[in-house]
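Comments concern the structure below.
Letters A, B, C, D, E and F name the chains as they come in the text, with residue numbers starting at 1 for each one.
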Amino acid sequence: MTSTPTRTDGRALDQLRDIRITRNWLDHAEGSVLIEAGRTRVLVAASVEPSVPRWRKGSGLGWVTAEYAMLPRATNERTQREAIKGRVGGRTHEISRLVGRSLRAVIDYKALGENTIMIDCDVLQADGGTRTASITAAYVALHDAVSWLRERNLLAGEPLKDSVSAISVGVVNGAPMLDLKYDEDSTADTDMNVVMSGDGRFIEVQGTAEGEPFDRGLLNDLLDLAAKGNAELRDLQRAALGLAVPVGK
Amino acid sequence: MTSTPTRTDGRALDQLRDIRITRNWLDHAEGSVLIEAGRTRVLVAASVEPSVPRWRKGSGLGWVTAEYAMLPRATNERTQREAIKGRVGGRTHEISRLVGRSLRAVIDYKALGENTIMIDCDVLQADGGTRTASITAAYVALHDAVSWLRERNLLAGEPLKDSVSAISVGVVNGAPMLDLKYDEDSTADTDMNVVMSGDGRFIEVQGTAEGEPFDRGLLNDLLDLAAKGNAELRDLQRAALGLAVPVGK
Amino acid sequence: MTSTPTRTDGRALDQLRDIRITRNWLDHAEGSVLIEAGRTRVLVAASVEPSVPRWRKGSGLGWVTAEYAMLPRATNERTQREAIKGRVGGRTHEISRLVGRSLRAVIDYKALGENTIMIDCDVLQADGGTRTASITAAYVALHDAVSWLRERNLLAGEPLKDSVSAISVGVVNGAPMLDLKYDEDSTADTDMNVVMSGDGRFIEVQGTAEGEPFDRGLLNDLLDLAAKGNAELRDLQRAALGLAVPVGK
Amino acid sequence: MTSTPTRTDGRALDQLRDIRITRNWLDHAEGSVLIEAGRTRVLVAASVEPSVPRWRKGSGLGWVTAEYAMLPRATNERTQREAIKGRVGGRTHEISRLVGRSLRAVIDYKALGENTIMIDCDVLQADGGTRTASITAAYVALHDAVSWLRERNLLAGEPLKDSVSAISVGVVNGAPMLDLKYDEDSTADTDMNVVMSGDGRFIEVQGTAEGEPFDRGLLNDLLDLAAKGNAELRDLQRAALGLAVPVGK
Amino acid sequence: MTSTPTRTDGRALDQLRDIRITRNWLDHAEGSVLIEAGRTRVLVAASVEPSVPRWRKGSGLGWVTAEYAMLPRATNERTQREAIKGRVGGRTHEISRLVGRSLRAVIDYKALGENTIMIDCDVLQADGGTRTASITAAYVALHDAVSWLRERNLLAGEPLKDSVSAISVGVVNGAPMLDLKYDEDSTADTDMNVVMSGDGRFIEVQGTAEGEPFDRGLLNDLLDLAAKGNAELRDLQRAALGLAVPVGK
Amino acid sequence: MTSTPTRTDGRALDQLRDIRITRNWLDHAEGSVLIEAGRTRVLVAASVEPSVPRWRKGSGLGWVTAEYAMLPRATNERTQREAIKGRVGGRTHEISRLVGRSLRAVIDYKALGENTIMIDCDVLQADGGTRTASITAAYVALHDAVSWLRERNLLAGEPLKDSVSAISVGVVNGAPMLDLKYDEDSTADTDMNVVMSGDGRFIEVQGTAEGEPFDRGLLNDLLDLAAKGNAELRDLQRAALGLAVPVGK
């Protein structure tokens, strides 16, 4: 892949932004993370509730779900609060569902027991990639919430089957690139969010042609970039959690 | 690909359900289609409005958007009306946005002029694949609405750059298969909706691991199946529209 | 009554439109009917739920209720979805209540046992008379849902005390006429919807002076027309249900 | 008609409750009436706005509309506020529409000019017949609001073509009776609200079989009672307005 | 304090408007009061419910809460109904909470037992001071509702620890004055609502600088006026309840 | 005042928590502040919009308004999002209005010109005093937004007439104290929020007896404490803004 096209922040095409993962940013939550990916900043809280939704009671199985929202001035132009509008918008719904689904893919419900872990992702500042940063941070907060349960002997087993992270890739001015900033994202021809497990398999692939439809070759280039980015994020997650980072992955 | 696993309706793994596309099912709408894919039945109406949303006025550009909904007894168990609940659910929002985005990918806004085409997809009966059937039918209704505009000399050019269709693929009991019915969909490990242009490129790829994450090989198998299905749907669309079906595709 | 005034579709003043009643239009519902009255087309589903609303639990009595809605492009001009507006409009509420009330008038709650039959009337295409067509079709769907319950020995007796049908009558250009189409309805001076039992008595009479108030003589003429129309509808319902049509009533 | 059956308050079957109409109960409104019909008490305000709804602007025509509501403790058991529930109920919608329609039947829009008269009917205490009391009082408030406009030379003519009043009738324990109290209304077999113009013609007839369907003879008895009651109400309205009461009507 | 500045209705600066408290204005409610303070008119109903909110069940403690609302034409210009808007406004919420809090300050929950008294304050006509009139009247209605419970032996003790009343004070054209009418209130520099117990202590003090901030001296003058007004209101409440009015207070 | 009663964090009764004011915490907003008062953490953004609400257009006057909200896990127990509930709660409304009113008290609308400054206060973590911290931080963000306008020559004068800050005071276990933490606030007998201008006058005084009513002496003690706290906050604001702190105040 050629690196000739330049990016507005000087990164290589296959380079992530600087990522900072701060655990325990909140005092009350069972798990909490402030993730910073360049100027994007998302606060994630994991709340443990010792019960499950009604439709799941008595099953012995746990539940993980998520809500995503943006502060009104996270964006360049202020956006109206959804609470004021009285309804949650389509984009918010869609991302909330994506985050929850992504986390559930690495959860063993039985091991979790009849506990719910509720993930709140609140975007404090947005510069592209807020949904993927949410997922990457949410895994770390989830890990801490699971530890909180383990320390209190409230688990029926080991609920985390693997880690999960997510990154965006896209085609800007004809060049496939990793981890799009807002200015890149808003001019991308193709935009793809890829959620992967720690062992390098796919949990969710969402690719959209914003302009021209894309062909199979381009799709493959984008998936390669995403796999590289997610492998690096997995290592950053492990480092943040104080876990050994696997060698040679 | 082996055909050994059997399907509940006896289809081959790479076989579409019977598809019936009935144009002009409604008397009032500028374009309308009743699509039947097996027992799935979606009524699609295309409404022409000689104006565009406020944020687009004066741009000379047109707009295409879509809304998707299900009748309460489209499903096996009755579901509550969203109008009664007072809010549109996440799934409805998500699919409405997908349908609109898919159609816009083949639209030349400039050629459309300052007209809006509003697509309504109402699921009369659901048996899996309602969002992909909606997209496939919506293209036909859109085509008719464009013809309606053309006959009245209300276009600034030729707004349809290509056709668009969509199909679901998934992995059921370890076997990749095309066009999942509800019983297959609800037990699938991986579920993917693929929207493609008539020339065989990708407009949207949405793949989700419902159980195990999936690897690159499986992803490739699923994309192959989707390409085959969408090529057949494109030919069915052309036939329904009375257009010549391309040979050897 | 003089037949001199002509109607836009050539019908006699006391003539119904062509009515087509198709049972089992849906695969999932316990009862379902597509009714076509000229260009008006309503899909009615009857859903059986083996319980009653909270305020009725333990009473031994059943319940029948209804919801009415229109698809956005049922009408000549597209109307906004009530789910999008976030509230059900006055007209929708009013008709839903009318349909439910009309059906309950022929129900023996005790014989129904603690079951609820929920009627959904969705107007696919509107050309006047959608509320009366809904009632007429709903009775047939209700009959099928009751049979479904009977076949499963879930009834405490015979819940249907009589049949119920409905028709509109009105005064257009001074002439009383039966079964108004939209163009007639929208220019009518007086508009009346009459719901009747199979034995020819009144269940609901709703007459409104749209222009001039009307006098007792005109009211009587309209009730005569309605009685004639409802008698014919009752016979059509019986025919659709495969029941003997009474002779010489 | 036999008078044998006794009523809980000792009235004759064809006797209205004591009606008290107090004009100018409010200081701000252009017209206002407190109507008391037995224990039923409704406060009606008529508000003049020197404009019309958007869809009517430039037509030269006026508009009259109405809203009906109940205070939470108007009823024997407290009912929840609709503002708290966040939606207006079906019954409220239905009555609001009925009141508006009834008043519009006696309005000459052209003479009213591009003014709107908004009628607010708020039930302070309910003991049956709140919707009919609302209509009867609303006419008087409307009359005062029209006078307010006339005194300011804001009318294009004389907008009131006639008066309008309303009363309920019903069949209780087999006996047709006039002006039902709540205890009568809640046990009535048939319940009918009849809106009439001052000249004795019908504006709205809404009859409902709560129990048994009713036949033509009973319908005629009820209409006779309603005509008697409305004639008396018309005289009471005229007296309240200081107008000569017609003799021999 | 100088009395030089004149008030639009000729009152002295430290003089209340004429207050009229009518008990039992409603037939259904366990306690009800129509309070008139000049042209301000509020109808207050106290409803007894023999249970408490879910979060309080089994505690042995009672609950008192309140809702405040205005009729649309209580004000000089008609205001839209909150039920129509579908949401309760900030001002309504704020006053409802204030009324409930004020009453709860004089309630012994244990003596009340597991009963709820729900207070509804509906402003029929507004001319300033509606929230304070609501509190003053609500205490009287509450007193009657407590008597209703006492007569039925439904209390665990004597729940009313003291009386409560409220009055507004403010600075208009530089002069501190008591009990502001609307025209005074809307031009006041400082506006203060003071809720006091019968023994002359403070339950709630809410002072707002509408124009200039105010200093400690002015604050003291306003509190003196409020104490005078509340002492008079306490005596009026006692008189209305037929209780001995304390001498020399 | 005696200092004998000890506080859970060892502070003196008249001592503020550690306050940290971080300006420019956000990149997009025209003014932004992260305020930390002990464990309470509020992010405030000031957004400039070059226009005013409709009812103010053409007046030449500016506008300042505010919205307050809490992240779901700001609190010890997770609270449901108001956007999900579909309505803004009473407490949120009340605080939003308080913040806006407090800031407007120091604004010269004419000097601001037809600009709106929108203040968003989002509580990231709550440990008591979130509304007063919001006001104190909002002033600093407002100051920066005004500077932003001044640098672009968009002002008609100098809109800030003074500074504004706020602090809570209360009576806990009989002892008046300054700046309550959550554990103190939830057991306080009296709770008061006091908003003051930089010159030491009152903008808003809101005192509530949570338990016993309070007398004039206690009220005076609380106001003294609040005056001391607000003077310190004013100095901290000036220091954060790089302004000279007045001596001897």
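Keep in mind that, in the parts below, a residue touches a chain if its C-beta (ideal position, glycine included) is under 8 Å from a C-beta of that chain, and two chains touch if they have at least 3 such contacts.
In UniProt terms, the chains line up like this: A, B, C, D, E, F = Ribonuclease PH.
Since the structure is predicted, the reported quantities are computational estimates derived from the model, not experimental observations.
Student: Could you tell me which chains make contact with subunit B (Ribonuclease PH) and subunit D (Ribonuclease PH) both?
Tutor: C
Student: Answer with same or different: of all residue numbers used at the interface between subunit A (Ribonuclease PH) and subunit F (Ribonuclease PH), are over half used by both copies?
Tutor: Mostly the same residues.
Student: Fitting the CA atoms of subunit D (Ribonuclease PH) to subunit F (Ribonuclease PH), what rotation angle results, rounded to the nearest 5 degrees?
Tutor: Value: 120 degrees, nearest 5.
Student: Would you kindly tell me how far, in whole Å, the mean C-alpha position of subunit F (Ribonuclease PH) lies from that of subunit C (Ribonuclease PH)?
Tutor: About 60 Å, centre to centre.
Student: Need the CA-centroid distance for the pair subunit C (Ribonuclease PH) / subunit D (Ribonuclease PH), whole Å please.
Tutor: So the centre of subunit C (Ribonuclease PH) lies 28 Å away from the centre of subunit D (Ribonuclease PH).
Student: Quick one: report the Å distance separating subunit A (Ribonuclease PH) from subunit E (Ribonuclease PH), using the average Cα coordinate of each chain.
Tutor: About 52 Å separates the centre of subunit A (Ribonuclease PH) from that of subunit E (Ribonuclease PH).
Student: Return the distance between the CA-based centres of subunit B (Ribonuclease PH) and subunit C (Ribonuclease PH), expressed in whole Å.
Tutor: Using C-alpha averages as centres, the distance is 34 Å.
Student: Among the residues of subunit A (Ribonuclease PH), pick out those that touch two or more other chains and give their numbers.
Tutor: Residues 86-88 of subunit A (Ribonuclease PH) touch two or more partner chains.
Student: Spell out the part of subunit A (Ribonuclease PH) that touches subunit B (Ribonuclease PH) in their complex, as residue ranges.
Tutor: Result: residues 87-91, 93-94, 96-97, 101, 105, 162, 192, 196-197, 199, 201-209, 212-216, 219, 223 of subunit A (Ribonuclease PH) touch subunit B (Ribonuclease PH).
Student: In their shared complex, at which residues does subunit E (Ribonuclease PH) touch subunit D (Ribonuclease PH)?
Tutor: Spelled out, the residues of subunit E (Ribonuclease PH) in touch with subunit D (Ribonuclease PH) are 26-29, 32, 39, 43, 45, 47, 49, 67, 69, 71-76, 78, 81-88, 92, 118, 120, 122, 124-125, 127.
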